[in-house]
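Listed below are the structures to be examined.
Below are two complexes that have subunit A in common, paired first with subunit B and then with subunit C.
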Partner chain A sequence: MTFKSSNSSSRIMSRPYIFRHLNKVRWVCLTLVFLMLVLIPLLGIYQHYVSASAYRNLDGSEKLLFDSMHALSSPFTMDPENDLDALKGTTWSGQLFGLKITDPLAIVGQMSAGLEVYWPFVLTGLIPILLTMFFGRFYCGWICPATFLYELNSNFALWLKKIGVYTGDRKFDRRIKYLILLLGIIASTITGTIIFASLYPPAVIGREIYFSIALSGFGGGTLFFMATLLFDIFVSKRGFCRYLCPGGALYSLLGRFRPIRIQRVVETCNDCEKCNAVCEFALNPMRDDFGQECNNCTACIAVCPQDALTFVVSLKDLDNQGPGYCSREYRSNSDERVNEK
Partner chain B sequence: MKSNKVKRIFVLLQCLFFLIASHSSLAHHVLGRPSYSLNEDSNTPPSMAIETQIGDYFVTYMIFPAFPKPSEPGRVNLYVTRIDDGSILSVPVSFYVLDDKLFSGWPLLGDPVVPEKIGVQNVDDGIFRQGFVFKERGSYIIRAYFEVGDEPYEIDFPLQVGKAPAVGPIGFLLGLLILLLVSVNLVQRKRIARSKFQKEKNST
Partner chain C sequence: MVKAAFKVRHITQRYLRPPGALKEKDFIGRCIRCNQCAEICPNNCIKFFGSENGADSMGTPYITPREKACILCMKCGDVCPTGAIKPIKRELEPIVQYVEMGKARVDEQLCLSYQGKSCGVCYRACPLADTAIKVGYMEQPTVLDACVGCGLCERSCIQIPQAIKVIPNHLLASQLKATHLKERRSGDNDVQIIKFK
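Here is the complex of A and B:
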């Protein structure tokens, strides 16, 4: 067996302390995004109460809503009736502090359904597109409101397995999701509707939360999302994101040549496999297999006891560097080579 | 130490419960301008205003009164203007009503959806007005249909008559599911982490 010696060390950034805690930051980020999706419609209702000067007509629970939203927003706004317009929408397409941001998949869907490029809309996707080109599929790991529930769900599946319930871990071809992206584009072109909005979990979740608060009821989208959770439990771990999500496919393509990526430092790696164990997308960080699927969630960095995973600036992954130099396998191979000499 | 941990988990679960339960208090408020008018002709703001785009048109839908009740008259106002020049649609608009029940229209699971025509309206002062009286409380869909040239336009809007149920079956299921996911992840997090490592070891 031959092992390639690492030439990565020159490009590896000295690992800042924060890297180990990025996974916690990510969870905070996911939670905040989820809470924002709940908060925005509540603020919308408060905004309408304000514009209708309705406070004295509200009943107890409505007054509670008014007061709590007032307490939350008053430090940031003097005129909620107009200022709160700066915070609208969902992760699919929305306005964040006045900045219009749209999911690139919504733009692709709109372009294929309308058969035209509407530049003002396309420009709202510029920030996510640029960020994806730099950080890869980071949206899936750091922003997507569905990821918040999917990760809880995959842990839940492990617990179910532990208590004896059958759970599935079937493997499919990862390229299926690219096919779904393509079929979605074709279907949008033929029907003139943005098909992705109905089968893209973050869009569905954003809409359903909005509806549940605004129109007091969940719709069919919630059932669809629950079906994807069941699919992940009983058919394939994180199966929807890995094999079926059209947004994941688009982000993977956009982030294929991302300059910021995770890399293994073979000199300090001890092949403990913890990185592989925590990788939600079942990649193989221990053998340098990150690819375009990696969403930079940093779970592998956080769990590594040797600090052998870090961010680097590189346009592609390293080939398999072989066993980590601190692993038993590497040491025994070295001994064999010494004995042969 | 242990009681502190249990206490923290309890507080988290309590917060989650209140978050889910708070939805019921918003049952009859929607993202439009809330109104406290008493009848459909009141000039106070409507209960709901939905704005949407379809093809070349910009459509605004409003309901009067604020909270339509069974056996009391209500009215839908529809404003349809072209996106490019703002001109008002001049062709008649047909209004239909459909039941908005769980699984309605789904093969095998639900009843077939049969739209019932409630009227055809011409534009009057820039507005298509359609009156209605519903005898039963429930969730309905108002469908507006018009044709411009050979192009058909069909838009569905929600309409709640009477009070909506506090938590529907899907909401209950979802609440239960989220509660389960969060509590298992919090209580069993160490065991779950151990299982991951064991699983990886066993697979290699």
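Here is the complex of A and C:
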């Protein structure tokens, strides 16, 4: 806690205790969303059993499913056959306790495929759009079920690297994903179908989990997702999210002028570069380069030894503030300045 | 090849869309492939296309009535976020008016009742009995105009192959067009048109 002793600048204030642990909260959040994706199809099967009054005819494993889902849902509902209808869908589009919520990319895709604006559908995207305009690309870091698997995958890649397997870490232009968003919109318009539904990992994962649990088995989307995992390991770390994801592009554009941002407190920064190393999206927090791509994952806040990163309310990022005041570079420069005088 | 992949093949395939679905082309542009209709279906009858029906209908819901037919519970329309499946009240009049999945057609050569063995299973399975289907004195079924094409009759038919089949709406349109063309070409008005009455 070095910054408490430094002289009073208005930007240096004691940071809420929770900031350092937001990354763990985020992981809890991601895990919960992923478990929900597994749970909802299971609850659906339970509903089928209930509506068919089929308990006596079930097999052992089916009885186990029935009993466990009954134990889970019975504290909340007396009438599972109808009440559980309020909890349906995936992160692509779903009902959360009766409230319909849709991914903005689905709305963009539908508008471009059908060349129409269907307002009841567009309004289901209102909550995510408003939240994105407020918090930026938070969906990518906090909710997306693909992020859950991609981050585990990048940990796996690190492990592979440790045992000597080649893993790629190539850098591409981050603007490729905006091009893909544009191309996807054009392709949707030409073909009249929503192309994004099969190119957008969270949508694919939600669908595949549902298919594998409640229907016949994994579909073709699994192959696509496996390909992106391999791309992330062998070509570019977190490459799909960084360079290719059309949803990430849309969220970045929506969250460009977000009021809640992460900022570096230059007075306490010591240029250790840990934040740059840990940033999943290859941004440059140490030199104030967050931009619209930051997904507020707070990994940099958690890793910073000087507590020099914090959330602020601001419509713009700061320009490069130069080396941190606690860094060796800054101190040697200031020594030179003193010597010149 | 790309064009072939996107060529709509529903002229040849016999499948039903969920009740209240829009017309085929609008439906494909509206449906966002969220799977909620299948999740909410209490009868578990909705399945999803892979690439077998062309790339454009990949991931869209369909019903194969012979395997499992729609029970017209109208929950899928309520849950559909895009209105690709219209929300319709579960009452007789709105269902008859707005649900257009197809029309059942009886094959009199196969139907047991028409062959003198009274059966009547399709009549008993029909959720809109006497509105959509009526039977004669030997329980020979006759499909009426109000048939919405839920497929419960086809599901319950005891003949193999089934004597009563649901012709989906998109197929009906193309068949009618084909017969009209045939009529125009041959100049013959006695060409057998599909009979619904």
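For this structure, a couple of remarks:
We take it that the second predicted complex is superposed on the first by the 326 of 341 C-alpha atoms of A that agree within 3 Å, B and C clash if a C-alpha of one lies under 4 Å from a C-alpha of the other, contacts with A are read in each partner's own complex, and residues count from 1 in each chain.
Heads up, the rule we're going with is that contacts are C-beta pairs under 8 Å (C-beta built on N, C-alpha and C of every residue); 3 or more make two chains touch, one makes a residue touch a chain.
No experiment lies behind these values; they were computed from the predicted model shown.
Aligning the two structures on subunit A places subunit B and subunit C in clashing positions. Once chain A of one complex is fitted onto chain A of the other, the partner contacts of A:222 are limited to subunit B, with no touch recorded for subunit C. By the document's definition of touching, of the two partners only subunit B reaches A:61; subunit C does not. Of the two partner chains, neither subunit B nor subunit C is touched by A:252. Applying the stated contact rule after C-alpha superposition, one finds that A:296 touches neither subunit B nor subunit C. Of the two partner chains, neither subunit B nor subunit C is touched by A:327.
By the touch criterion defined above, A:203 reaches subunit C but does not reach subunit B. Applying the stated contact rule after C-alpha superposition, one finds that A:48 touches each of subunit B and subunit C. Within the superposed three-chain model, A:167 lies out of touch with both subunit B and subunit C [touch as defined at top]. Look at A:212: by the touch rule set out above, it reaches subunit B but stays clear of subunit C.
When the two complexes are laid over each other on chain A, subunit A has residues 41, 44, 48, 51, 210, 214-215, 219 in contact with both subunit B and subunit C.
Residues of subunit A touching subunit C in their complex: 40-41, 44, 47-48, 51, 81, 85, 88-90, 92-95, 100, 102, 106, 109-110, 113-116, 118, 120-121, 124, 191-194, 197-198, 203, 206-207, 210-211, 214-215, 219-220.
Touching subunit A in their complex are the following residues of subunit B: 19, 22-36, 45, 139, 158, 160, 164-165, 168, 170-171, 173-174, 177-178, 180-182, 184-185, 188-189, 191-192, 195-197, 199-201, 204. The residues of subunit C lying in touch with subunit A in their complex are 6, 25-26, 28-36, 38-40, 42, 44, 47-48, 50-51, 55-59, 75, 79, 81-83. Per the touch definition, subunit A reaches subunit B in the complex via residues 38, 41-42, 44-45, 48-49, 51-52, 54, 57, 61-62, 64-65, 149, 152-153, 155-156, 158-159, 161-162, 210, 212-219, 222-223, 226, 229, 273-274, 276-278.
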